[in-house]
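We just call them A, B, C, D, E and F in the order they show up, numbering each chain from 1.
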Amino acid sequence: MSSYSSKWIKVSEPVPHVLLIELSRAPVNAFCTEFWVAYGKLFDALTADGYDVRAAVLTSAFPKYFTAGLDLHDASALGSSGADTSLDAARASHSTRKHLLAFQHAIGAPERAPFPVIAAIHGHCIGLGVDMIGVCDIRYAAKDTKFTIKEVDIGLAPDIGSLAFLPKITGNHSLVRELTYTARGFSADEAREFGLVSRVVEGGRDEVVREALALATFVAGKSPVAVSSAKHLITHSRDHSVPENLAYTGAWNAAALMTNDIRDGLLATAKKEKPRFASLTVQTKLPKL
Amino acid sequence: MSSYSSKWIKVSEPVPHVLLIELSRAPVNAFCTEFWVAYGKLFDALTADGYDVRAAVLTSAFPKYFTAGLDLHDASALGSSGADTSLDAARASHSTRKHLLAFQHAIGAPERAPFPVIAAIHGHCIGLGVDMIGVCDIRYAAKDTKFTIKEVDIGLAPDIGSLAFLPKITGNHSLVRELTYTARGFSADEAREFGLVSRVVEGGRDEVVREALALATFVAGKSPVAVSSAKHLITHSRDHSVPENLAYTGAWNAAALMTNDIRDGLLATAKKEKPRFASLTVQTKLPKL
Amino acid sequence: MSSYSSKWIKVSEPVPHVLLIELSRAPVNAFCTEFWVAYGKLFDALTADGYDVRAAVLTSAFPKYFTAGLDLHDASALGSSGADTSLDAARASHSTRKHLLAFQHAIGAPERAPFPVIAAIHGHCIGLGVDMIGVCDIRYAAKDTKFTIKEVDIGLAPDIGSLAFLPKITGNHSLVRELTYTARGFSADEAREFGLVSRVVEGGRDEVVREALALATFVAGKSPVAVSSAKHLITHSRDHSVPENLAYTGAWNAAALMTNDIRDGLLATAKKEKPRFASLTVQTKLPKL
Amino acid sequence: MSSYSSKWIKVSEPVPHVLLIELSRAPVNAFCTEFWVAYGKLFDALTADGYDVRAAVLTSAFPKYFTAGLDLHDASALGSSGADTSLDAARASHSTRKHLLAFQHAIGAPERAPFPVIAAIHGHCIGLGVDMIGVCDIRYAAKDTKFTIKEVDIGLAPDIGSLAFLPKITGNHSLVRELTYTARGFSADEAREFGLVSRVVEGGRDEVVREALALATFVAGKSPVAVSSAKHLITHSRDHSVPENLAYTGAWNAAALMTNDIRDGLLATAKKEKPRFASLTVQTKLPKL
Amino acid sequence: MSSYSSKWIKVSEPVPHVLLIELSRAPVNAFCTEFWVAYGKLFDALTADGYDVRAAVLTSAFPKYFTAGLDLHDASALGSSGADTSLDAARASHSTRKHLLAFQHAIGAPERAPFPVIAAIHGHCIGLGVDMIGVCDIRYAAKDTKFTIKEVDIGLAPDIGSLAFLPKITGNHSLVRELTYTARGFSADEAREFGLVSRVVEGGRDEVVREALALATFVAGKSPVAVSSAKHLITHSRDHSVPENLAYTGAWNAAALMTNDIRDGLLATAKKEKPRFASLTVQTKLPKL
Amino acid sequence: MSSYSSKWIKVSEPVPHVLLIELSRAPVNAFCTEFWVAYGKLFDALTADGYDVRAAVLTSAFPKYFTAGLDLHDASALGSSGADTSLDAARASHSTRKHLLAFQHAIGAPERAPFPVIAAIHGHCIGLGVDMIGVCDIRYAAKDTKFTIKEVDIGLAPDIGSLAFLPKITGNHSLVRELTYTARGFSADEAREFGLVSRVVEGGRDEVVREALALATFVAGKSPVAVSSAKHLITHSRDHSVPENLAYTGAWNAAALMTNDIRDGLLATAKKEKPRFASLTVQTKLPKL
């Protein structure tokens, strides 16, 4: 598993099929371009390789910071060529947009993975950190977490995912707007109250990681056909109407219901045993793209 | 009214224009194909006949079970032909999809009715039970309710409505995913906290049915033009953008505002009387389809 | 600023760039057609003129009523020509629809403004009042607020925005339907619990206005490029899927990131000074449309 | 096969798996409600029964008339209750809408069938006739055909499909609008020129039916998995964006590619034989809904 | 009628209910901002006033030019503040977008009118001219017409409508792209071949205007309820899927079918008389917005 | 330029900024997985590198075959694991879908490039060949071209793009369905008649390549800001409604209109010189993803 680790991202498999992904760019996990490129590549590689992951926990290696967000010392971080006034503005804008789409694509990689990703949040979770957790499946926060949608304070609207995700995943538009326009901090409890996180864990990094791993381990025991189908279909549901989602689900499950996992699950239940399921991914020689 | 009752569904009209629909397939309301076909037909018949229903309460006849979900002893229940390996897989899949769409259509029948359907939930509400209540207008739960989105435990993703409805009707994606991936049970209080039910009634089946009937009776006193228009437009709103919904509403109310109910309602209010409204449905000779 | 005031709407600027907009048609802010036309024109004029507003607070001048909703003494208020049975029904319906779309357009004007609008709600907020606050960015309510989605009681479905907005901005469909079908009142606390308002302020009109103005003043200190972009993109997010919103955001911020506000904001932060930002709107000679 | 015939619709199977469906309500195939109900039921029954149809030809039994459209002598045909001024307008409108949706659903039945339906058009094809052929897969017209989008001449906009289909299936909006607003007749050649029909056959009814049957027979020799998948996916493509359609196609063909028809087709090709394919539909005991 | 004429737009009513709208800014109908503002206002005023127009012909007063497009001598015409490098780029971009949306809104006004607008095109139709005709209902071209999608030649992509309309109203994407990327001229015959115009009239301005007026006069004799409903529903169809359009049409015609025009049309037909229909618009006191 | 060539794809730059891309896998350009992976990578690399391409011509190196389509000797070509019955069907289906999405993504790469791609088609263009040209901007065909939508003949529905593109880019649904269901060949002239190609060039490969290169060279002389914006906005238009496209275009051109190309183009025109434009792409150090 360690082969997936990279300079600033530590990947381990504390339980079979359960990954622990730790962000570890000291001291505060500030994201330069190289960091988010590596982040996107990690998830896309796991997905392309068909590595048999059944749930993953995303967290930070540093107790005080989940992430401080964008590394403002990285000249290219904002994707803006604004400083370089020698550039034609349309061309600069073309370049910035290309940068933003690549950035969104990298941060959105967990959604493309066939396994659930659980964010175990703690300490400061600032700016890009909120974009990152929005695209995860499930969010647990340590009691000590302090969230800030910081972008407005540096003169820009969040553009890597927060505004796309927050209104949909929480349902509380008044508060999402208030938090975005003011860039004020909010606590784990407030985050839970409006639905951003589904559980607040007493304590800090260690406690929330422990609970998130327990959840991941529990999910990893389920049929990967069932879990990854559910993940895919909930994501589809978020972006489509009820009739569209039902039609798509009909086409999807027409294939998925042919799985032997149903038979195996029922048999195991009948025998009061714990079922064992095969990897979702067939070993194929698909080219990596 | 009793003519609408069928083998496993008891239909009564305890208050004029208010239906009580009780699922009653002993012992746990397990759904075989025949059961859900009857369920869909009931609502569609009421709608096609233009029977003057103004609100309905859906519940179970058995205190301990709202429903245990799918009847796994019914060979056709899953719609899967997986066992029959003599079948060409594409043809089996074609058949399964046809089955799923028919199943979704039946369970979705309450949405097509012009009157509100209030789910009075209690005891165990498992698997298909969650699909069923998602499509209802309003959900009340007895304190003793135990919900479980059970599908993952038998190797499949919910495909009859839960994943289409839950993210939209609750707004809490993190919790919806957690509950779906884990198939863990959750209480009435938790359901209310994240918006799945709008009220928890102390007690069990009898208490929640009483409160749901009180609500239904109250709604039945309102103009059926107003209530059924509101139902139709909220459902449209769920599946369309704000501008789309406003445009549709403009076309819809251009006709609905010609109703005499407005005049009658205003007159009654002026006289401090309770207004009386005519049935929504004109007696027509429309063919049943 | 007073030049924007009109017969029933008082506009002041208690803090630079912060507007206080007070509805003041005695005694209960009942909306006749002339009133809502003036309301829409106010916001559209501010937007077209490029007046340098950075946040606005919408409230009522009368402590007991935010608004009683539609003025039923105004013959044209409902847009219905139902009474005039001499009219061809299709033509009456055409006229009603034209009326409704104009009404929706006027009440929707705050959304078209480039600055956030904060509703400071108190007393009775009835019928049209709920449509009006739904389209605002942020909702604060005084503890004494009593909301009622009143339309069903006068024989019609809400058609000016409540049904388009409420399911999306709160995420609790069961309760939205219950409140709509019953027209029962609900308190500020219940409104907060299901996400309709993001804060309940102890007290009445004065207290909630004070807190809303404090919030507006705080937001007015931020970069108007950042805040107005965020407003625009959250509204887009509400009406589009995640991928659509990300693509649009990429195109939008490709231009917005060229702003000097980023540099100015960072410099000010470095110097521990409060940054000062220019008006969003370039003084142009654009025709008013 | 004759068991599918009904009072005014003659169904035969001149070639195995190829249906000939002849409208035969003398003298001009005017559509009363009973007729279109039977029309919709025919296609839906074939689909529900899984009768092994692989292509169908829709035509008229009367050389001079494909259809004269709606039977204006049928009081209920227009779905309008306008004459009955004793009715509350909103209730009349509710009833009319219910009627229109049922009418659209019946005329749209060919689209729900898993096999292609080829319209063999000749003589007069008026009003509803254009709605009917729009929803078919392929349109062949005899040289003697005279089309008329007649609705405007009787005071209404086409509402059973023409306006939904024509702009999409022809791509020539200027002409579609001209033909709709004027209700002028147009020839088979003009219909072909703007894409409404894909072939004009010299002669009249007999000639166009002969060619349509030849086409149907040719298509019936292909893999029904391939043809019905193609039909389904083109229909989906008409109503969705390119990315939406590609995603849906990916899910669809993930199951469909498991078919043995690919192997059988390749083998037959290799042996220079004509492949033989099994029926698409598995004999199941699905309930008819 | 002359009261609708303005500096550069001549409005006459050569036939009752039929407008002739002539662009007449010598020498080539170059569009400065003042011109397009007046253009949009004309159509919106006709619509708001409910003036009893049943069809309109749009043409140019100058035989050699339908329009040369944008007036490049008008500093504000492009909406670009690019020259003024003293401006913050994000603010300049904000201002440009505001300008473009106002420009699109003005040129799109014919679509908002309840009557069909027929473009009678001749001579040069360049740049903005193509945007303008795209939004009209029907396009007739004189044989001498020379179209040019000129924008790329001055360094920009068409942004006022051509790219939104052309792919949808013609269906020939390969040619639309070729004509857009090259800015090469094309003839009336080529325009007809790919569906941009539905008729080529031998001759020049006078001949095409004569034919367009004849068409307009013919359409003006039809029921305005029918024609304006058809216009509205075809426009809806262009922008929505088949199921969405059918659902909307059901709601729309539920009201429109209550018209007396159906009865009057049928009676007149029975008596072999020409029916006479009332104005679509009820005289109301709606505020102008 | 030759550095972009690969085993089976020859890339040259016969005119500055104009690429000629020749498929050259002897003898018939049959596509194995390795081939289409290389094809997608070529376009994506050109795009990511910002190589200054302004137009490209896609053709085949072999006069008789544009391409014979899928290489059926490549075991993985169909993405189907159908043969391997030892696999769990749901897992096989998961793998197939992953394969199809990768395949679609590769073949769709020309759409992601910022420059127009012109297909110069000749000889046989079979199966996948039609998917490939559908996603190109412009299609020219040699008189000798023979197109075949071959997929149905091997038991499957086209799934790499033909069904997503053809209905939208031609507008003739009847013919698209006929050609798809029958897999019959059709000529260049028929392709032009229904809009699939915008020009038929007398002769064969050499002639069509010559004309396509002439077109590409002409387009390459235009402002790349204008051309690439137009390409992007037409593609957006294909997949969105008119109002959505206009709104997006407003945001897009708000940045694009800041280009100096407008000034340069106007100046050059005034001086009767040919304008010279800078490369679209700023040289940046963006990571390749």
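Heads up, the rule we're going with is that a contact is a pair of C-beta atoms (placed from the backbone, for glycine too) under 8 Å apart; a residue touches a chain by one contact, two chains touch by 3 or more.
Chain labels with UniProt names: A, B, C, D, E, F = Enoyl-CoA hydratase.
This structure is a prediction, so every number in the text was calculated from the model and none was measured.
Sharing over half of its contact pairs with C-E by residue number, the repeated interface among A-F, A-C or D-F is A-F.
Under half of the residue numbers at the subunit D (Enoyl-CoA hydratase)-subunit F (Enoyl-CoA hydratase) interface are used by both copies of the sequence. Between the two copies, subunit A (Enoyl-CoA hydratase) and subunit C (Enoyl-CoA hydratase), the Cα superposition rotates by 120°, quoted to the nearest 5.
One finds 48 Å separating the Cα centroids of subunit C (Enoyl-CoA hydratase) and subunit D (Enoyl-CoA hydratase). Put simply, the C-alpha centre of subunit B (Enoyl-CoA hydratase) and that of subunit D (Enoyl-CoA hydratase) have 33 angstrom between them. Residue positions of subunit A (Enoyl-CoA hydratase) touching 2 or more other chains, listed in rising order: 81-82, 89, 92-94, 168, 170-172, 195, 225, 238, 243, 251-252, 254-261.
Listed in rising order, the residues of subunit A (Enoyl-CoA hydratase) touching subunit B (Enoyl-CoA hydratase) in the complex are 55, 116, 137-139, 168-172, 195-199, 215, 218-219, 222-223, 225-227, 229-234, 237-238, 241-243, 245-247, 249-266, 269, 277.
Residues of subunit A (Enoyl-CoA hydratase) touching subunit F (Enoyl-CoA hydratase) in their complex: 33-34, 37, 40-41, 76, 81, 87-95, 98-99, 102, 105-106, 114, 225, 228, 255-261, 278-282, 284-287, 289. Residues 248, 251-252, 254-255, 258 of subunit D (Enoyl-CoA hydratase) are the ones that touch subunit A (Enoyl-CoA hydratase) when the two sit in their complex. Residues of subunit E (Enoyl-CoA hydratase) touching subunit F (Enoyl-CoA hydratase) in their complex: 72, 78-83, 89, 92-94, 96-97, 100-101, 104, 108, 151-159, 161, 163-168, 170-178, 180-183, 194-195, 238-240.
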